[in-house]
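Common to both upcoming complexes is subunit A, partnered first by subunit B, then by subunit C.
== the complex of A and B ==
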């Protein structure tokens, strides 16, 4: 069996003892197929019993072993050492605790803030008495096509990988968070839920429009949940229930209008359409520079060829159940 | 070389005109037969999904089907967000037969059908796949020696890997390969894969500018002479909004930001004017 010499550079920190975090290196001979978690366990058992990390199920179900491997969140139990070595063309792997959370010790982070935020978003079924019977004698049937709307969002294992790498979380303390907002959406489209679409108002209050759509949450999720998809749909629901007078919703509607008018985005009218006069004034200095450099089209745009056909298709799409 | 359908996207037709100009100039120089379909519509930048998810799919299935109708095997785009939106549409249609049937029923009424035969590529992927670094290096007339370039990927050419699938999202190398091919030196920056905040610019302009400012600052710290990006939206934040972004992070320097075909075009010896370099907001001295 193939074996390789691997250096694990692990970020260590014991807040009770250490002034600041430091890196410690461990050299191991790793056989093909060994996971990062097995390597960590080997280090703890054979080299350094003081190394702290979290792990439980070892089957990518419990979500407890998420750490950063060469800068990216991974479930240690699901990630093989060789795969990472090959990806980064290296013999050294840096293991660090997840970001956006306080470190309790070494690779263990404090989840409380992330989970408190989730609780604030009410991620549980508030039964709709019209749909859910009040006794257990009857069942509430959910048909496959109904389940399809939110099925993948129920796969979240709360590993906090997405939260740890979320760009919006880094810049906005009031942001709801990726897995948290995905849970909110999951109930917003569950026919058994009493709040349903009204849940989009919670998302709105928790800055869902500040998601930058960096797609990191979709990329790092070990269960392919893709929280960003839920956030986009939750935004859509907020527009449907009438939360239209905000820059996010107005930006969306500006796109729709542009496509109906010409088939192309009218960039020149976008500041006005998205944010009104304020949008124009805020962007005026940059706008003037761009106009002087010939970087602006006419506000009246020539429609694309076969534009009528696009309009028909858009209208038909809006009619689809 | 087989003809390819050129999907410039709205930014390259307006606020990033220089991207359109440089792409056309580089393609002429390298003999890439780009054909822009006048029927192509805006991809909706992912925003149409927020109106209704099937609307986003139908609009972009139409774009894909138009290219198929005209017999193209490849769509090449110069916009990272257009790339992701088109590829995501393709991904959903190719992996969900019910959805494909539903969408094709609508397209049929307009004389279109999505078969799944067309591929979507970013221009810089296309360059690397069709020519390779060695061939590009041979075509270079003016190597950009001693130029230190910060490869700024942004988001939508790398993530999510499941949909884009061109190179590992955690360690992409396509821009570095191109930078080396033109004789320049890529600098390694921590924020090359970070977001510029463009897509939250309207709801959260300050947040967007902080992210852009941090990215610019990283490029400066790495000693880069310029930044190169495959995305016109990132470019808009990094170039047109540079002053505002740097102010947000307490800095005040200036660093030129080039589109991929602008960098390549300079190395191919193309006139700066044909590359639209005079349109960049931060002046590019070449």
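== the complex of A and C ==
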């Protein structure tokens, strides 16, 4: 049975007591098959009972245990230690709390903000009396194709991984958030729902157009939900219901137009796709936030070489039309 | 001190359904208190499905559902309660469907149903293999819709009553560490199961530690049929994580080391789809008689083979099972069989209630897995627990609202909060000569050996003595973490103390029940004995701290006990 010596470097912080976060190292002999969660519990049981982390189902269904493993959001319970060691070619794993949320203690973050935001988006079915029978003697007929439209988006376990790395969430306080908007979309295409397309307005009000399609939400989702797909489709609905004509939508369209004209898209989206937000921030240390909000011109406007393909990309980004 | 009209402890399917029911009555102050964020509750882990005689796939009726349930229970279930549950089943399923639950569908748009163990027809409604997950999410969404108030990440400590009526409870806010008294005119316990007692081999979440039954026991409220613990036949080899019965429902085979579909020997008609108690015993027998596999770590197991179902069916109907097998066993069921062994799964026993969820204390209710109505008797059928939690969650919620009308609050002595503070303080100040992980493993071992799948007088006695010894030693457990904020060291210790209390009642019940029935299989009394034991065991803690066993008759309406054959 293979065993390896592993150092876990864990970020610790108790805001009630510590001035600032610090890292603490624990050395363990790890057998093949051990998950990160089992390693954490081992540390708690055998080395340091004060280590704080959340976990419940230990089978990747409750969403409690998401943390950062060497910088990437992961469910601790379904991530094997050896897999990570091999991936990073290392014997040291750094475990940290998720970003974008305040730390309550050690690896435990405050979910309240993310969940309150979800609640604001009205994430529940409001039955359509024309579709849903008003008697409990009958069920609504929903055909398998109809279910398919939203089935995948019901897999979300609210682990907040996507929220923790979402580019738009980082730069726009008013942004609805990836899993939140995905749930909104799930109802927008449920025939039983009374609001249906109207829900796109909610997405609209919560800045869904500010999603930069970096796709990180899809990359990190342990349940393969892919919130960005839902957001793109929700945008499609919003255009369909004519949301492009009100002032807010005009603002969004103008933003896109200016992007198209200036070729700024190169600067904003391409590095983002390639390297993620970090790459973008390195390229554009100032003004990125304003640009993405469509409120400023780019400080670095270059002549455009591939204007055509850029327009195509732009169009793809808009999805509709 | 906080004050509510009704406090619901637990936010799984049982607690949330009760909450929705109470929210119909405007003007009541209701709170759901839960130690984990609601959607983390263990209901979300349920994979296979929920039973109701919709008759969408084959003609069916509530009466047939009731019969299968009673037979599955080895005739220990109360038949009036079973009839009520099966009668209400189609309606609650449709109610949840109207709430938006994304059930899998037939090509004609109706809710799909799959076969499950012990059922005569495909009766189990499902959403692929994530039924509990979408149920929990849907119920939570509706709770948001109706403005249900939640106390998230609060841990209930004790119940307060005046011997007749409930006064409320004490709880600790995990985030701040403060211990709070909560007055209420009614309290509904929905704290889930306690199979974590079998720590090393269970399908249950880390927090399924029997907090509800332990609190009830300490408060002098009786528990019922505690000896019945269900072992699910197919837990993953290493972790005990569940592979749903749906995998066999879809046609999976169980194979021993000789390559035989050995269920032929035990249940020639139903084969893999015999009830759980029977299949679990069959697997253990194969392993004991040397026809199992063994890996290099010494884990013993048999195979669950899905390969013949084909890639398409596996991806469509059992996608999560496939992922679990890959992530936790490194086995892709499309290519290879899955190594499995029975795992502690479900608590048939629980807080003694009537069919309205009422306990011996007025205003105190118990629903879901922490309670025992009883509709599962000696062995629960797959797909009947999700049904139980929503049906009786609904009924208890409604009854609680009606029962408190015109009733005042009962006095809540401030000292009760202090008592809990003292109990906790003692844990910080103990000498720490015993260690939590050590005791937890010992408890798991002794319970698996003595009161596991096969039991005998000698083994049970040994287990009982050992549990009592562990209980004594647990007084020397120390909480090393002294912080107030999210003290998970304290929480895990309190949970363990609850588990020991519940473990003792399991062993005691097992000792007293000198027969084999359902999940309770005694090698020294291999037959069911209706003359002496067609009754519920009741265990209560007296004021002197001693446990006392008594018996209560089983309600029989339509289905006279008969021999159970599959």
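Going forward, the second predicted complex is superposed on the first by the 244 of 321 C-alpha atoms of A that agree within 3 Å, B and C clash if a C-alpha of one lies under 4 Å from a C-alpha of the other, contacts with A are read in each partner's own complex, and residues count from 1 in each chain.
The rule is short, and it goes like this: a residue touches a chain if its C-beta (ideal position, glycine included) is under 8 Å from a C-beta of that chain, and two chains touch if they have at least 3 such contacts.
Fair warning: this is a prediction, and the values are worked out from it, not measured in the lab.
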Partner chain(s) touched by A:17 [first = subunit B, second = subunit C, both, neither]: second
First, second, both or neither for A:233, with subunit B first and subunit C second: first
Subunit B versus subunit C as contact partner of A:123, first or second or both or neither: second
Touched partner set for A:241, first subunit B, second subunit C, both or neither: neither
Touching partner for A:144 - first (subunit B), second (subunit C), both, neither: second
Which of subunit B and subunit C A:85 touches, first, second, both or neither: neither
Partner chain(s) touched by A:70 [first = subunit B, second = subunit C, both, neither]: first
Residues of subunit A that touch subunit B when the two form their complex: 70-72, 87-89, 167-168, 171-172, 207, 209-216, 218-219, 224, 226, 232-233, 235-236, 239, 246-248, 250-253, 255-256, 258-259, 263-265, 267-268, 274-275, 279, 282, 286, 289-290, 293-297, 304-307, 309-310, 312-314, 316-318, 320
Sites on subunit A touched by subunit C in the complex: 1, 14-17, 33, 35, 44-46, 49-50, 52-53, 55-64, 78, 80, 104-105, 108, 111, 115, 119, 122-127, 132-133, 136-144, 146-147, 150-151, 154-158, 187, 190, 192-193
Footprint of subunit A on subunit C - complex, ascending: 36-37, 39-42, 44-45, 54, 90-91, 93-95, 97-100, 102-111, 127-128, 130, 133-134, 137-138, 141-142, 144-145, 175, 205-207, 238-239, 241-242, 296-297, 320, 323-324, 327-328, 330, 436-437, 479-481, 483-489
In the complex, subunit B residues that touch subunit A: 10-11, 13-18, 38-42, 44-55, 57-59, 62, 84, 102, 106-107, 109-110, 155-156, 158-162, 168-171, 194-195, 197-200, 202-205, 207-208, 210-211, 240-241, 244, 278-281
